[in-house]
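The chains carry the letters A, B, C and D, assigned in the order they are written, with residues numbered from 1 in each.
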Amino acid sequence: MKKVVSGADEAIQDIPSGAILMLGGFGLCGIPENCIAALVKKGINNLTCISNNAGVDDFGIGLMLQKKQVKKMISSYVGENAEFERQMLSGELEVELVPQGTLATRCMATAYGMPAVYLLAGYGTEVADGKEVRNFNGKNYLLENAFNSDFAIVKAWKGDTQGNLIFKDTARNFNPLMAMAGKITIAEVEELVEPGILDPNFIHVPGIYVHRIFQGLHYEKRIEQRTVRKVSK
Amino acid sequence: MYYNLYQKKLQQFMLNKEQIAKRIAQELQDGFYVNLGIGIPTLVANYIPDGLDVVLQSENGLLGMGPFPYEGEEDPDLINAGKQTITTIPGSAFFDSAMSFGMIRAGKVHLTVLGAMEVADNGDIANWKIPGKMVKGMGGAMDLVAAAQNIIVAMQHTNPKGESKLLSKCTLPLTGVGCVKKVVTDLGVFNITENGFECIEYAPGVTIDEIIAKTAGRITIAPTVKEIAI
Amino acid sequence: MKKVVSGADEAIQDIPSGAILMLGGFGLCGIPENCIAALVKKGINNLTCISNNAGVDDFGIGLMLQKKQVKKMISSYVGENAEFERQMLSGELEVELVPQGTLATRCMATAYGMPAVYLLAGYGTEVADGKEVRNFNGKNYLLENAFNSDFAIVKAWKGDTQGNLIFKDTARNFNPLMAMAGKITIAEVEELVEPGILDPNFIHVPGIYVHRIFQGLHYEKRIEQRTVRKVSK
Amino acid sequence: MYYNLYQKKLQQFMLNKEQIAKRIAQELQDGFYVNLGIGIPTLVANYIPDGLDVVLQSENGLLGMGPFPYEGEEDPDLINAGKQTITTIPGSAFFDSAMSFGMIRAGKVHLTVLGAMEVADNGDIANWKIPGKMVKGMGGAMDLVAAAQNIIVAMQHTNPKGESKLLSKCTLPLTGVGCVKKVVTDLGVFNITENGFECIEYAPGVTIDEIIAKTAGRITIAPTVKEIAI
């Protein structure tokens, strides 16, 4: 069981054009920087990307958008990205907007082998168009399908060679859900350790879900909205 | 100079953003778990009454959000749902996005405060999309309005053109149906009832006539209506 | 927000006869020993207990069975308990058997605000009787309802005064799921600490789900099947 | 004495439990995640071929189950699904029961080995309930058989009365339908195919005629049938 690969290039080498990818992260927080760079370098296209956001113009998935590698984005929020806006308005880029909790829960459904789930979000809105509505206990729910993706690409804080993953702070976000939902899951980690180093009580994603893992390099971790308070009082 | 005086007086006639936030903070109760949206709602955190234990949820995966970090202490791995750098308080907990919306959906979050473009007198809300304009997405708004126990909208009573944002029916695409419980605007505080908006408080210097004039949806005035105390 | 109570007696004081309870644990591992003792002492009855197992004759839920406090058990496995068997065969005790994964996932559904979930287990068996069957992608699923319980009673390893919980080893089992599924959740912990002691990255159940918490006493932690290997080779 | 000799010879004619487990262990592949049921299946762990990295799942919430603890090192918080005290191996992970069955349902567990009372020639399995006897419950069996990718049954070919447990139709209440892929008994190894049981291997000294005689369900003999090598 050799899950450890040499780096991002090897990890993504068999991802073909036209693939459906899940990409972890919320905004620029916890995104798989190394794999995104490798995907840009590899130059495959016609990708469908399931990711809560689409990066900014010059970082994150924005880098793939610049290279016109993305055919379709499935996201909850895609602001802060001029190139994205241009491609969307010109019709080059297809966009499916999904409520954030629905996006997360559809990943979880995949991870837990549930084909579809009933969720409250979007009832009575355009999100409900074409979906089954069902009333349980007086509330209306939409039937939302689990996601099918070919590859899930996530970024963890630490991982071991068995594929066990842990995440730091709010960089967790969609990463564990997508890691568990991928047909093939690729994890880049800030620190890769031997089995037995991570406490088995505090594993966020058990290794059974992870197929390839490597220690990433040169994390930039760009901050989107740097907000601070004054030193005072 | 006469103009400046008029401006000053006008400002006294309605709540500013900080005052709207301050009024909403009066809705907090000890032990509440609260989700605050971007904009005015975020300011509510500054006015949590002393002695109340209120825990802030950030839907990207945190309970126990603290204030912004001091300069130099920003951590890119620690942001709120508005993507701002933040801190945590003792007793905080991180979790993934599915659990985050799971606890919202299960009714564990007591109060959600968010902004809106329009609110209808039946509690419908529109706050994510303007046809013809670039659509950025609903983020977590649809989940929050569909599932939170108690939803308060913080917004201006009228849009920049002076048109009411409290309508009989939303004109913009909906975010959620029949979900808003209360609206706090620069002019007053309104419950959503079977009879539409019910004005329960008015801003200092604002007249009931003005509120009625500026509200397009059905509106009643509570018998106990009083001036907002902030 | 005062979640800390003095002990099991106070924690369960308002549980009435006829209540629907969730009780954490798998076998005798990770069961809320203190609360069970307090329930026995309090002597309420006609309880419906949702718990993977029903204890043994003289420990766990078996103690409540001896006192005839339980009207109905919802469990996946109820062996190893002669008094249970007697009550069941005599018709005193109603038993609803639920596949273990279905039991767990119905708890999770409650915790995540999902009214019902489609699950594979039990299709084509008597478990499917009366349930909606639906085919997704060529597989048949049963529609299983989320649980409604009045109280969830769980045992954690450590907890803090905000209600955050962590569990040890396989004593985790159903405990976090039930903790998150309770209308009112009572947690007994081996060690109760102040906020800030537990690492926020490694909380299994965030405090928002927990309403009452106390440090338990005198844990017996009985072993059901003591199996060892010889020191040799 | 003649009787004893006969007994001894009989034992050579079929696999004992350890040998059944050993044969099943040949199905393991490097990188497999495996769930082993109670009884004969548990013994499979003793025969994992050298050099194969196989991780054992215990459905109460553990990946990376190790051997039983040494005397005095038992931990009541660390048990397997059979409620036996166990240990963990480096790289193990604990999780709750929903995640445990979630990973099974999502097909992440490559192989499940479990015992059965009856298997039908279409892959149906019955292993949890005998009408008229005390029912202990299905535990995780229904989840496992409904969801695991690959299910191998380990059992005796006949019941204590000498009746076949490989049937055309199960007589006992089902645990799952059409899910068993392979059966390993004391007499041989059988794939489940469209044409029922296909005997691909026979135990040393056991004849094909005997196997056919003791199999009540439809059975074919693979052209490549051979003696089990263990």
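Quick notes on this structure:
Criterion: a contact is a pair of C-beta atoms (placed from the backbone, for glycine too) under 8 Å apart; a residue touches a chain by one contact, two chains touch by 3 or more.
Keep in mind it's a predicted model, so treat the numbers as computed, not measured.
Between A-B and A-D, more C-beta contact pairs join the chains of A-B. One inter-chain figure worth recording: subunit A and subunit B are separated by 29 Å, centre to centre, where each centre is the mean of the chain's CA atoms.
Taking the mean of the C-alpha atoms as each chain's centre, subunit A and subunit C sit 33 Å apart.
Per-chain Cα centroids separate subunit B from subunit C by 38 Å. Among the residues of subunit C, those touching two or more other chains are numbered 105, 112-114, 119-120, 167-169, 172, 200-201.
Among all residues of subunit D, those that touch two or more other chains are 88, 94-95, 98, 101-102, 104-105, 147. Taken as a graph of touching chains, this assembly has some other topology, since it is neither a line, a ring, a star nor fully connected.
Of all possible chain pairs, those that touch are A-B, A-C, A-D, B-C, C-D. Those residues of subunit B that touch subunit A in the shared complex are 58-62, 67-71, 73-80, 82-86, 88, 94-98, 100-102, 104-105, 124, 134-143, 146-147, 173-178. Residues 26-30, 52, 75-80, 85, 88-89, 97, 99-105, 107-108, 119-127, 157, 167-177, 204, 221-229, 231 of subunit C touch subunit D in their complex. Interface residues of subunit B, counted against subunit C in their complex, comprise 30-31, 33, 53, 55, 57, 63-64, 88-95, 98-99, 101-109, 147. In the complex of the two chains, the subunit A residues touching subunit C come out as 105, 112-120, 136-137, 139, 141, 166-169, 172, 199-202.
By the touch criterion given at the top, residues 1, 110-114, 160-162, 164, 180, 194-196, 200-201, 203, 206-209 of subunit C touch subunit B in their complex.
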